[in-house]
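Letters A, B, C, D, E, F, G, H, I, J, K and L name the chains as they come in the text, with residue numbers starting at 1 for each one.
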Amino acid sequence: MKILVLNGPNLNLLGQREPEIYGRTTLADIEAKMRHHAGQVGAEMDFRQSNDEGQLVSWIQESRGHFDAIILNAAGYTHTSVALRDAIVASGVPTIEVHLSNIHAREGFRRKSMIAGVAKGQVTGFGDYSYIMALDACVNVNASR
Amino acid sequence: MKILVLNGPNLNLLGQREPEIYGRTTLADIEAKMRHHAGQVGAEMDFRQSNDEGQLVSWIQESRGHFDAIILNAAGYTHTSVALRDAIVASGVPTIEVHLSNIHAREGFRRKSMIAGVAKGQVTGFGDYSYIMALDACVNVNASR
Amino acid sequence: MKILVLNGPNLNLLGQREPEIYGRTTLADIEAKMRHHAGQVGAEMDFRQSNDEGQLVSWIQESRGHFDAIILNAAGYTHTSVALRDAIVASGVPTIEVHLSNIHAREGFRRKSMIAGVAKGQVTGFGDYSYIMALDACVNVNASR
Amino acid sequence: MKILVLNGPNLNLLGQREPEIYGRTTLADIEAKMRHHAGQVGAEMDFRQSNDEGQLVSWIQESRGHFDAIILNAAGYTHTSVALRDAIVASGVPTIEVHLSNIHAREGFRRKSMIAGVAKGQVTGFGDYSYIMALDACVNVNASR
Amino acid sequence: MKILVLNGPNLNLLGQREPEIYGRTTLADIEAKMRHHAGQVGAEMDFRQSNDEGQLVSWIQESRGHFDAIILNAAGYTHTSVALRDAIVASGVPTIEVHLSNIHAREGFRRKSMIAGVAKGQVTGFGDYSYIMALDACVNVNASR
Amino acid sequence: MKILVLNGPNLNLLGQREPEIYGRTTLADIEAKMRHHAGQVGAEMDFRQSNDEGQLVSWIQESRGHFDAIILNAAGYTHTSVALRDAIVASGVPTIEVHLSNIHAREGFRRKSMIAGVAKGQVTGFGDYSYIMALDACVNVNASR
Amino acid sequence: MKILVLNGPNLNLLGQREPEIYGRTTLADIEAKMRHHAGQVGAEMDFRQSNDEGQLVSWIQESRGHFDAIILNAAGYTHTSVALRDAIVASGVPTIEVHLSNIHAREGFRRKSMIAGVAKGQVTGFGDYSYIMALDACVNVNASR
Amino acid sequence: MKILVLNGPNLNLLGQREPEIYGRTTLADIEAKMRHHAGQVGAEMDFRQSNDEGQLVSWIQESRGHFDAIILNAAGYTHTSVALRDAIVASGVPTIEVHLSNIHAREGFRRKSMIAGVAKGQVTGFGDYSYIMALDACVNVNASR
Amino acid sequence: MKILVLNGPNLNLLGQREPEIYGRTTLADIEAKMRHHAGQVGAEMDFRQSNDEGQLVSWIQESRGHFDAIILNAAGYTHTSVALRDAIVASGVPTIEVHLSNIHAREGFRRKSMIAGVAKGQVTGFGDYSYIMALDACVNVNASR
Amino acid sequence: MKILVLNGPNLNLLGQREPEIYGRTTLADIEAKMRHHAGQVGAEMDFRQSNDEGQLVSWIQESRGHFDAIILNAAGYTHTSVALRDAIVASGVPTIEVHLSNIHAREGFRRKSMIAGVAKGQVTGFGDYSYIMALDACVNVNASR
Amino acid sequence: MKILVLNGPNLNLLGQREPEIYGRTTLADIEAKMRHHAGQVGAEMDFRQSNDEGQLVSWIQESRGHFDAIILNAAGYTHTSVALRDAIVASGVPTIEVHLSNIHAREGFRRKSMIAGVAKGQVTGFGDYSYIMALDACVNVNASR
Amino acid sequence: MKILVLNGPNLNLLGQREPEIYGRTTLADIEAKMRHHAGQVGAEMDFRQSNDEGQLVSWIQESRGHFDAIILNAAGYTHTSVALRDAIVASGVPTIEVHLSNIHAREGFRRKSMIAGVAKGQVTGFGDYSYIMALDACVNVNASR
């Protein structure tokens, strides 16, 4: 099983950005933890980050035929991006939406996700462990949308 | 670690109720899977279901001092119950919200959760595997709210 | 044909509660009239009332396989209960929504019904005769949803 | 007892228009069934259809003193027509609103009725039997608003 | 000066329709009073009523070049008719909106007027005297929009 | 008949303020025209202006027993003042709302009037002639609310 | 004078639940204070708590003829329960709504009360002293609704 | 191919009505241009106008079996008419919505179309050339809805 | 303990203004009752009324250091005044909001209070006894906000 | 005449992405058809696609002075992009908005276009023929905004 | 250049009112700083404060012909006052809106300004330096609205 | 002091884009004026423009530790970009929002800023002088958020 993990804008600053909300773990720490866990469950993983909406759209498009699932933390683009939503549907690759913080317990505008309606499911609020849970779901759930 | 799993109204009909949305797994199947998984990760588990909002409120209240975490699928009460929300806060027990289906991809009124704002996190859309993911989160995440 | 008639909160006070809106007929009067009419059209009937949302949910669940149709006056729970809505769908028993008063001519919050979207149909505004009309509909309409 | 049955726009196409929603019964079939039933319960009936809002308004106005009740399926005008609403009040003739389909289970704009607030009651969702139920209500309910 | 007075749906029932709101004056009474007053101020007047939106639209269109002003009580069409609004602008004839009752003190849906935004002005709440005031305004105000 | 004419904030600048909307007539011109017209129809008139909401409230209160009607152009306070609304009801003096411009054809916030719901009627859009029309209404209409 | 004091969901946890909002007084403390105060002002009192909406509805119904007034802290059911609202009207017993915290200074959803519109009055924000104030109001105010 | 072109209220005034928005072309000009273009592409065309909503509904109904496509400029009825919407669906004839002006760049209420949701497509903003484009679409696009 | 009682617009008309809502007690009666009650509980009291928002703001500002609590019935300014809200916070004097009538059972615009969010608590619906209850609260509740 | 055709995010996947909505034609097919049609009508054409909002903004900016018209299918950016809207206005190049599917018949969020208000016109719902229609409009309509 | 600086309600309490939001600088401090800065840039300045909306309206009116610009901190009246808005337009004096705190980062009701739509510009969030910035803008920007 | 000035989409067209709104000054002119002013007040400045949201996000991120303040004109991204908002918070660099035009006096969608809630303050409406004011604020205000 091959899994593409995509991280949206500002996640490259993890560990220094608002640690009271996002914790002190860096994105590199998350990648390392995931890579270790992926090895244990026998999955391959590609792990990327971009601040650019268009780049994220393109990566999702290119996943078609090369990955079995996407784990997507679209960060700030979660709440407004129709382009990302369309890319998920167009790619046909089952996608799991993850968030480090509990987006339902913050500002009102973070409660709306343009991604969730076309995702397989959503995991939110467990810090970096959200990613591990999503990885387990990729492996264990029949992810056909 | 002791975990209380609470299931709200109509979940007792799982397996026969709208299988195209909720699948054919019964609630007893879920309990068995969770008990097996809990044994593997060294957790104790209590598993209950009620159609009654007041009963669910009371169970949450009584968990204080007896359980380390609650996994709550409040089903139809998710979207309107201030009483359940207040019970979670009053109990002081970290609570994870789970749903079998992806509530963000259904009718508009299912997108609002009164629980999510006071929960540790939310897992939604992975069928019965949502419960296993929540169980893993209980064990692996520092669940202090 | 077996029909389950369910009455929600405060309907047990019929005849003394706001007679200018609900009339002076008691719930026992309605039951008697319906039993008489059911006899005439060759239907069996079970007639119950509860102030408890959870009890109403359970009765709807248990109707599966035992009743051919439900006549439901959910009273105050009509406007907010996702649990009742889910129970109707889960039971698979065709359900007719009835109201004594014209809910469309009262306070704004009474105009929204969580039941109507999953009911076979709605009869509202004819006092206790609303129930007789619903009974006739059970017998005369191909009630498959 | 004399009853005026009024049918609004597009009901003349019944039987060919969206049969999956409205069934295969034609408007002439409904008229025949109602005439038969009216005969049984000792009522006289006038049955009309128009695509024209102004015509429907005029028919309601003219019913004053000539009919004891109106059964009105205003179809597409149900949701927007203040003129029909005012005509019902101006005529002083008790009016029952009927719909073939369950308007509460379709597009959002069909859920609002400008008629319901001034009607005696509403019957919706029972196909052509909605009309028979309304006829029974005319005869059996003390229809004074 | 030539003035066209147009009356919308249900105004033909004036005097018998809801006298507690509209009074006991008939439309013929209003026409007579206006004709008398028009004579006093040296104006000619044409006075018409229709229940039909399309007829009212056509009368407004035909007023171009034949009338100096329109006094319009669009009744129930006031609140929804884009067609009447467009006809007023298309005709180029200055139009005064009148109402017998105070539309701002009734149901919420009567507070919105599609006419007012393109009318010269609005007179509302003075019973049949609203028409006389509008007639005086036609004669005394430079009515160029 | 004694009439109190009250003018709200900024009306003292009439004639210099936005002449394309309000014209070049000054408030003194309006007072003179009204005084002349009041003389013709045999009415007494008191004419005042204030920029102060509290002062306008007090004047309305004091009118009780001293005036038969109030003509009120509350200007900018029209859209928000509950205090003025309460004062009109408390005084028990029939009140006519006037506006120089057509408030229904300007910014959205000018379309809502807190006054209109408790006024006898509203005259809007006829420039200073709005005041004359209101004066005629005071004299000619049975102004009991 | 006989007074029924009803407490809704989670109030049984008072003293341990969110003390920064609700203080450290327990429900038993409040009962004791009220019983003492009731003795001083010559009133009898029944004091109950339930987490169950249906139970609260039933208690309100049964108060008819046995109590002169109800003091109701419906807690989480305050904001959504049409059933409680209907029960108050159906019982005909004057009811005072109380809250420990200032519900108008918390989350938006706590600002709406389904109870307030049919209550005699509301006392909110004074901690347990809110109950004493309500008790005084029962005794001193002519409580006929 | 036979095409029915329907024009709604006030389009008969084209050329004189608000030329800065709609241009100086008359409806007869448009008919001539279309007839010429239809001849070139080998289509037959019927071209009608009515100010009457009911007439437009009837024309759409009667198109069934006689026309292959409808080009509809419903003008002012576009924004509110459920009856026209239902007629299009009932007729089963593929319908293209056209507008002379860009309805998305005008008043807010013109942005909502009741027609668009059941039309094949929409062409808006190209003056009379919008009609020619729609005609080409009828001929060139597989118009099955 | 020194208490400042402030009364907003139109309360000077109490006893004559809408007695069916506000009763026949005058503001002088309320002052007398409060002065008597204040004497009994050992409090000093200053009692004032103004129709002027700015005056009320200034009185609240000046209370700083001279009064221990404010009892405020802001009447019509309750629903819109940010200035009063800011003055309460700026003064730092604990403030109790009172209303004679039950503002939650009247027009929709009276349900919103700009004061309540910064007040200690709210007492509403008990006629003049609301003031006595507030006075008792000042004396008996630790009023630190 | 030189025309710039711009395609937004995910349009590069045309033919494989949701064929039930967008058909099986690829973007290269559309380009070929347009180039052929452009040749027939004597126009030059530049045809581009990007997933990047900033790139699309830059292309629109650079069109100034080099192209006579833009045909823009902004896809997912249509519904939210103020930057694209501003670019169109800043460039001063007349722009036609096209969509393959009927955006008015899909999810609610697709009904709002930030582009339409500043575009010459909109063509939506005709599959790839929408582009040909837009091309014809560029050539045949006096496209000055 | 002559500049009028107007301060609204509660600004006279600056330095003691909520120092965590507004700082410890007093209004007299601000006046002194501005007077010093005005001297440096060669401007004359009048500096006033009032808690009274009507007084502020009058000062703005009287500025016509006596001042070249107004710097207005309307404080609590910012969010609701149509009267102040109208006064600014009526005076014709270019007006700059200032706020000490960042009104966009506080309660929702502070985000709406009735002033901003008719002001030259807005400076918000820089404490007392907001006033200096506005003063510089008066001197350096061609302030014609 | 080192200041980063960031300009969003379409600002590179300044001077040619809608000069009636934005004036004839080019972005290079603004840079030159700012550089001159920065020299006078002893600040260093970096001045950049991009049409790309992701580029702007990255520049803000990279400013951490290299700049003391950001002056940000996010142009069209102001109204929707959560990514820019998060970047400002993540960077920890105090940020001032500027706009050339008065965004509060234009289309409704320009009144909402996603930036303002996390910015130090906002300067809007003074043309290019808005930037100079922001520069002065950077130097003179203790910019700790």
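As a convention for this text, contacts are C-beta pairs under 8 Å (C-beta built on N, C-alpha and C of every residue); 3 or more make two chains touch, one makes a residue touch a chain.
Since this is a predicted model, take the numbers as computed values, not measurements.
Q: Looking at the contacts, which chains touch subunit H and subunit I alike?
A: Output, common partners of subunit H and subunit I: nil, no chain qualifies.
Q: With one step meaning two chains touch, work out the least steps from subunit D to subunit J.
A: Step count on the best path from subunit D to subunit J: 2.
Q: Tell me which of I-K and A-B has more C-beta pairs in contact.
A: A-B is joined by more C-beta pairs in contact.
Q: Please tell me whether the contact surfaces of subunit C and subunit D are same or different in residue numbering, using the over-half criterion.
A: same
Q: When the C-alpha atoms of subunit F and subunit H are each averaged to a single point, how far apart are the two points in Å?
A: The computed centroid separation for subunit F versus subunit H comes out at 47 Å.
Q: What whole-Å value do you get for the distance between subunit D and subunit K if each is reduced to the mean of its CA atoms?
A: 62
Q: Any idea how many Å lie between the Cα centroids of subunit B and subunit C?
A: That pair's centroid distance is 31 Å.
Q: Of all residues in subunit B, which are in touch with two or more distinct other chains?
A: Counting only residues that touch two or more other chains, subunit B contributes 52-55, 80.
Q: State which pairs of chains touch, listing all of them.
A: Applying the touch criterion to every chain pair yields A-B, A-J, A-L, B-C, B-G, C-D, C-G, D-E, D-H, E-F, E-H, F-I, F-K, G-I, H-J, I-K, J-L, K-L.
Q: Spell out the residues on subunit G that touch subunit I in their complex, using ranges where they run on.
A: Result: residues 102, 104-105, 113, 116-127, 129-130, 132-133, 136-137, 140-141 of subunit G touch subunit I.
Q: Report the residues of subunit B in contact with subunit C in the complex, numbered from low to high.
A: Residue list for subunit B touching subunit C: 8-10, 12-13, 16-18, 50-55, 75-80, 109-110.
Q: Where on subunit C is subunit B touching in the complex?
A: Those in contact with subunit B are residues 52-55, 57-58, 61, 64, 80-87, 89-91, 114.
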